[in-house]
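By letter and in written order, the chains are A, B, C and D; residue numbering begins at 1 in each of them.
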Amino acid sequence: MTIQRIGIMTGGGDCPGLNPVIRGAVLKARSLGWEVLGIEDATNGLIDLDYRSPKGNRWLGPDDVRGIISKGGTILGTSNKSDPFNYVVTVDGVKKEIDVSDRVIANYHKLKLDGLISIGGDGSMRIAQKLIDKGMNIIGVPKTIDQDIGCTDYTFGFNTAVQTATDAIDRLHDTAESHDRIMVVELMGRNAGWITLHAALAGAAHVCLIPEIPYRIEPILEKILERQARGNPYSIIAIAEGAHPVAGTQSTEGPRALGQMPRLLGAGHRLAATLEPHLEMEVRVVVLGHLQRGGTPTQFDRILGTRFGSAAVEAMRIGKWGHMVALRTPDIVLVPIADAIAEPHFVPPNHSLVRAARDVGIGFGDDEPR
Amino acid sequence: MTIQRIGIMTGGGDCPGLNPVIRGAVLKARSLGWEVLGIEDATNGLIDLDYRSPKGNRWLGPDDVRGIISKGGTILGTSNKSDPFNYVVTVDGVKKEIDVSDRVIANYHKLKLDGLISIGGDGSMRIAQKLIDKGMNIIGVPKTIDQDIGCTDYTFGFNTAVQTATDAIDRLHDTAESHDRIMVVELMGRNAGWITLHAALAGAAHVCLIPEIPYRIEPILEKILERQARGNPYSIIAIAEGAHPVAGTQSTEGPRALGQMPRLLGAGHRLAATLEPHLEMEVRVVVLGHLQRGGTPTQFDRILGTRFGSAAVEAMRIGKWGHMVALRTPDIVLVPIADAIAEPHFVPPNHSLVRAARDVGIGFGDDEPR
Amino acid sequence: MTIQRIGIMTGGGDCPGLNPVIRGAVLKARSLGWEVLGIEDATNGLIDLDYRSPKGNRWLGPDDVRGIISKGGTILGTSNKSDPFNYVVTVDGVKKEIDVSDRVIANYHKLKLDGLISIGGDGSMRIAQKLIDKGMNIIGVPKTIDQDIGCTDYTFGFNTAVQTATDAIDRLHDTAESHDRIMVVELMGRNAGWITLHAALAGAAHVCLIPEIPYRIEPILEKILERQARGNPYSIIAIAEGAHPVAGTQSTEGPRALGQMPRLLGAGHRLAATLEPHLEMEVRVVVLGHLQRGGTPTQFDRILGTRFGSAAVEAMRIGKWGHMVALRTPDIVLVPIADAIAEPHFVPPNHSLVRAARDVGIGFGDDEPR
Amino acid sequence: MTIQRIGIMTGGGDCPGLNPVIRGAVLKARSLGWEVLGIEDATNGLIDLDYRSPKGNRWLGPDDVRGIISKGGTILGTSNKSDPFNYVVTVDGVKKEIDVSDRVIANYHKLKLDGLISIGGDGSMRIAQKLIDKGMNIIGVPKTIDQDIGCTDYTFGFNTAVQTATDAIDRLHDTAESHDRIMVVELMGRNAGWITLHAALAGAAHVCLIPEIPYRIEPILEKILERQARGNPYSIIAIAEGAHPVAGTQSTEGPRALGQMPRLLGAGHRLAATLEPHLEMEVRVVVLGHLQRGGTPTQFDRILGTRFGSAAVEAMRIGKWGHMVALRTPDIVLVPIADAIAEPHFVPPNHSLVRAARDVGIGFGDDEPR
């Protein structure tokens, strides 16, 4: 099969490195003489060819990707609401989900695309697999800021997010030490603690709480008081947004304050409310939130993104449809999308990084001897 | 009077530039042959000469201040709870406030200090004035991250805080554009909107809400929709923690969601809850919080801090007790502490920066024609 | 006079903050309903209306200036070779200078411009004045990274350049201390030492050499050896590219090595070659060069640039032709261009910043007692 | 063998991440109850137990390594002149090299060290191997900013250096575009082009010249002119300090200018002098130099350093003397020092990163079709 025209789109949450992927793919594809159509806002641009928010689908050449390697975000836009198999429409004032995947297939052919690069996370890859099963030619590029995908050493965006988190912890050290305070910093990671684990190590946090290791309050308090006893009346606690106490333990610690706090308050604020009654020290919380998704990509993510984009085009050239690019240091390899989405990649509690963290005295809120 | 020994202390909230002030004062004083005693945790080290948290009072020379110009925080520690005129003690399990100012005076003499440099904010300056009235020799150095003191063009820390806030807004642009979202970023400023005003201008925010200009929801919604209509389906709103709606207006906008949100939720989350029901777009909130107080000081704050520290020692040498150093660009001048604390420095609603912001299209949530 | 259309151009060396000025002017002018023509590569776009390098003159609206506040450089391009009164052309293989100013005037009228904003340095302002004298309506915006213009507290770009230089000195401290080395860092400033003076203060350099204070080698060696004797076997020397020894002194210090070094080697390398034979320590040189002209502008320069751009349009609106915007903290004021270019602004050897630097132990290579 | 006391030292050129290694080793060793002696300035502290420059050997505990994870340089000092097998001494005014390795062995025993962690590059590892052969217990930690060691995926410091170089290239883009210039940036790498290759990819340079691929001038000129023809009248050239033209080619290009330039001028300036006569455009050179060795380590290097330090202690615990820690993503492994130093790790001309770079249009100054 001779390729003449491909599409490229970005889906799911924002992530530093999307633009380098787009740039890498466009430059490589154009050097092969292919046309590249940028699809707007994930599948939205395929569901509705007249979709404009703000720009709509458009041709991409070297001029369109100049300078974007250093920019966060994605020039193509992205969306969390564009699953063609469960597309939300409002009929007679009522929201309901319908299957518009046939429309996507039809538009794909109408646009005369010979293949599509889908850059996205777990959700996007599942959609891609279903579209592949219906006959579309797709190459996947894995995108997850949380690094919770198992078939690649690193995903782009993760390195930048950990750097952002580390810079933030560096700042909090200054104030924690000056004020003899407990600083709680809540980082991204609903189910996977990779960002928090890395940032805790790099930022020299004293406690690291991740979803994979449920915590108890006592070991955290012990760590804080032990530090105080040795002349360090301050501590930094890094907590993933998905970290949680061992079932049934936290409610006994600070029941009332907690009971009145709404869902809106995340893991960091809940932990602080639980800790504060037990301490003489002030506890302050910083929720890093979306700051971790923006910013210029680090060199590592720019290179990884560029390689992923370029390798995706190469995978198209050799017809490896249904595969996803991945990093097996130092090589870029191809793995079947179906394998990649089979099981998410969480932090094994005895992972070498967890042990390294314990080695330098970081507590995980559990009873593990350090 | 010949000076042989001085004390120096830092009080109030953490602020980038405290260490440069300490360094500037120590190096200048030591070059004059004076001894310099660093007082721990604001007045605490004078209230109790055995105070240790963690280090206690200590002599400072060039070796002790080497390398600190680039460090946030304060090597002397600081405290918000050390007012000797209202010192909190626990007697028979009950907290009460007592006046320990005589003890401070006695310890000051016991330490054979010829003068004291007090680096602090409004509160610290009021305490300093009362100690001066009781006979102590004090020179003040103004410290407020909020820039809410009128007698100086700039206070140190402000420049760094605005830079931190601007960097954060830069990051949020990436995600806001990629996702067609409204991003609300809450910045410091209980009563003064200087940080938010500057960061909104430098970060190219679209709406700037400050305590000095109460806002209404309608003009904010109009600005967002007007932007959307022109093909920019995203907006950045910078809001000071002390910003608030015009009395009585917000509760009619999004009553129920708001009514259930506790005090803990700040201005940013409250605004988002009010806006979201009126918009199709997602609204996300980032509260920058303590990140604004940490980090290596900018060159501007390092230089200003160094000059303030050095000038405070010079003021001692010429006996200008009861004065505070201040910047009248490009000079460092001395002003009576009593004058400095007379009236805080808020953003006048017709300030030239507010007009500059309106000129580039920034809305303030009021009805002012731009 | 009613303004309907204005031009805007940037001239001279690159400087962070040019884009914020352009953005500020465009947004303000468009809000007044004016058309704004961006002129390419300084006067080049007026000398030749077909000039393309790469883009040529073009209309500017809000979409064209979106996102540029955080970008270094200038979207309009700039040039050091576009003086219409001494325009270099090649005739019969011979380069010669001709006066094309009448062509500029003619094109200005052909484009139906009612006024022109000229953003540039000393050279650009002199050209502007001559064009004003020939009847053009011009408002000036001062641009000099060196801060060597007297009528404004600060020019944009300077703050960013000093920050870049300070960051570099911070890095060199690490290596200087680890290796017990002398690190010489050469900074911008042909005739004015402002960047070097500020960066030396902010970066805690030990020696600061600027054009305004000719240096001798002996005091520098003394400072280095005195530091070594006190247990600090390393030193950082900040030197402006235009710094030079007291007439007749350096050649006696390291004659031969120096005699063989070509013009290409700047002040830093020449100083190192002179110092090294006198020291046991290694001397290393870093020339920061063009790194000081690039990079995202600091918040300070973004705000100053935005205000300058907006104020230049306001100056047009009220007909203050022949004036230049300037900062008199905290206000933006207008000064006649003729006054502004009358005398450059060098560092007075007894300037308060020089004294502040001496106060913290920085040597200037002269005999001044610290 | 039961370990009670170990030594640790850093040798060779400065490199971001040395302090994290020291910290990781000290925290882990102290948690095992071992004493840790920091050796000053590489082997110097073992050659002469009274060595002080400035501090001399000293015991290290948690307080000594607090906060150093974010600091560049090494708290132990380092040296390029401390090979005990070829130690330079001055006898009767004449410098000569002697073997003081027996003194090192004797002092090692005198200090009652049970083992030594030697953090250093190729040279340090060769010395370590010779000391091991004479009976010392040593574990190696590889340190090379150039990444030119084959047995580990990454060495610490490399990630930071590439980030520094990428940030610099980002800045140069601004000015290159504004001025239509050729910017040449010379990066570290005498024999290995890894830093330049990575930074060229991440910084979107247009030409990448490395020692492993000798360049010719013609393909570089072609690339520049081809870019100009497509409307991009500027280019960025990243060149490693060890890059060189194909033998015999450059001298014919710009003979005279080149002949007069001394050794002092590096690869970047030599290239510029050769290019400039062939171009209408200005060529500017920036030599990044020692800036690449300083600065706070990136999170990646902090984590890698911490793991290396901790793993080196673990290697001691299990008695793997003569081994070196290494990264085989994601694990830390041990390899015999003898193997590690057997052959350096240069860029294979057909390396996947080189191909990735060609894919996005980067030229290498050779005739390879892109």
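Methods note: a residue touches a chain if its C-beta (ideal position, glycine included) is under 8 Å from a C-beta of that chain, and two chains touch if they have at least 3 such contacts.
Everything quoted here is computed from the prediction, not taken from an experiment.
Participant: Tell me the angle, as a multiple of 5 degrees, of the rotation that maps subunit B onto subunit C over the C-alpha atoms.
Facilitator: 180
Participant: Between subunit A and subunit B, what is the separation of their C-alpha centroids in Å?
Facilitator: Roughly 34 Å separates the two chain centres.
Participant: Measuring centre to centre with CA averages, how many angstrom lie between subunit B and subunit D?
Facilitator: Measuring from centre to centre gives 42 Å for this pair.
Participant: Which residues does subunit D have that touch at least 2 chains other than itself?
Facilitator: Residues 170, 173, 231-232.
Participant: For each chain, which other chains does it touch, given as pairs?
Facilitator: A-B, A-D, B-C, C-D
Participant: In the complex of these two chains, what residues of subunit B are touching subunit A?
Facilitator: Those residues of subunit B that touch subunit A are 10, 14, 16, 18, 41, 53-55, 71-74, 77-80, 164, 168, 170-175, 177-180, 183, 231-233, 260-262, 264-265, 269, 284-287, 289-291, 293-295.
Participant: Under the stated contact criterion, what part of subunit C meets subunit B in this complex?
Facilitator: 23-24, 27-28, 31, 62-63, 66-67, 69-70, 153, 159, 162-163, 165-166, 170, 173, 198-199, 201-204, 230-232, 296, 298-300, 302-303, 306-307, 310-311, 314, 329-332, 352-353, 356, 359-361, 370
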